[in-house]
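Which chain is which? They are A, B, C and D, in the order written, and residues in each are numbered from 1.
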Amino acid sequence: MRITADRINPDELRNELVDAAAGAYVGFEGWIRNHNEGEQVLRLEYEVYEPLALAEGAKVIAEAVEKFPLLHAECVHRSGALDIGECAVWVGVTSAHRDEAFAACRFIIDQVKVRLPIWKKEHYVDGHSGWVNCERCAEHGHTHPEAVSS
Amino acid sequence: MRITADRINPDELRNELVDAAAGAYVGFEGWIRNHNEGEQVLRLEYEVYEPLALAEGAKVIAEAVEKFPLLHAECVHRSGALDIGECAVWVGVTSAHRDEAFAACRFIIDQVKVRLPIWKKEHYVDGHSGWVNCERCAEHGHTHPEAVSS
Amino acid sequence: MTKNITVRYFAGFREHAGIDKETIAVEASTAADVYKKLQHRHGSAEPLGHCKVAINDQMADWDAAVSDGDTVLLFPPVAGG
Amino acid sequence: MTKNITVRYFAGFREHAGIDKETIAVEASTAADVYKKLQHRHGSAEPLGHCKVAINDQMADWDAAVSDGDTVLLFPPVAGG
């Protein structure tokens, strides 16, 4: 697990997973969309609490390696300000066969999204901004600071 | 759908799918493993009947676009001789959310493997070679020319 | 009825037949009939259900009718990826 | 029993509290107790179940015990990726 303030380079990361015993590589990338829940997004900031994001991410990857017969698995998450189209998170997995590569890649991104102390603040075209709720809490909408007064 | 005798460049292909509305990219790559069913593989040849591989591949991608709300989907398959570690097939899919990107990428590679007129001949370390059976027929083992005499 | 059919062999079928193409005069109504007539050329151990066929560059079912002058493409089990 | 607890706020909690860290003297047995005492600082509308907590840089359950001198990290709902 890695956290970086620099642009993610999926090609370079993929090459780190190369293995002559690997028959399948599955890569996932989360890109910054220009819209979310009906709002036009201009740019985005990730706040990451690194010590625990790294520890929890390493745990997620270790769980994937235990669950599935993998050769390699890695995840990199951005921190700081990102523009539309930038890669916010990359997950890469290699294995002998594709079943486990797909399953493990999916497992890792699902867990990373709900377990790592990472927060996303979207800045919208109309000037306001908001912290995006986690996926499990999505039915409650955004946690705009205005909306959570005591 | 494309067939190429040249090295596949996943990074270049991925960049063709970039879209500001995309939140998820899933890429699959099939790599030449150094082993298959207990045999040490030296290198591999793909025979492709291009007119129908292209037509059937385009049909598979069109089916994926109909089944799932995708932004873009593409598949490239190699022909000719490949060495261990080379990318034999690449599938890339972009969509707003990751569910459909994973599902569509999986759908495309599964269909490509069983529907396109493409054949794989493995050359083994011990000098012999054999045509690899399709996945659905895998329980019958290799179709070595010697083994299919009339 | 005897028809002139051009048959194309691929992969293991071609290696087994030793040629990639031939035109034969054959009594056949369907693609499956053509396959059966040529079993000795392309490895009869392979069940029909594992193989595919195309007629004039269109994927076809084994029970598709063949006409005089057609080209029948015999595909052994595929293995892309 | 009153304990000295250092509390760290993240993301929306930090913006709401207007500070990222403070040390308070608080009567609390568990992490949940600390959260409840500080509701006015970090947006009480957020149910505990949506939030996470760490004690001294270890992820913890809300019913984990807090000791004098601990650092409690309050995480609003996460949204990686």
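Some observations on this one:
Convention: contacts are C-beta pairs under 8 Å (C-beta built on N, C-alpha and C of every residue); 3 or more make two chains touch, one makes a residue touch a chain.
This is a predicted model, so every value here is computed, not measured.
Between subunit B and subunit D, the least number of touching-chain steps is 2. Rounded to a whole number, the gap between the C-alpha centres of subunit A and subunit C is 50 angstrom.
One inter-chain figure worth recording: subunit B and subunit C are separated by 24 Å, centre to centre, where each centre is the mean of the chain's CA atoms. Spacing of subunit C relative to subunit D, judged by their CA centroids, is 72 angstrom. Each of the following residues of subunit A touches two or more other chains: 30, 109.
Of all residues in subunit C, none touches two or more other chains.
Chains touching one another form the pairs A-B, A-D, B-C. Against subunit C, the residues of subunit B that register as touching in their complex are 30, 46-47, 49, 51-53, 55-56, 77, 88-89, 109, 112-121, 131-137, 140, 143, 145, 147-150. Every residue of subunit C that touches subunit B in the complex is listed here, in rising order: 10-12, 15-16, 39-41, 43-46, 50, 52, 54, 57, 59, 73, 75-81. Within the complex, the subunit B residues that touch subunit A are 10-11, 14, 18, 20-35, 84-85, 94, 96, 98, 101-102, 105-106, 109.
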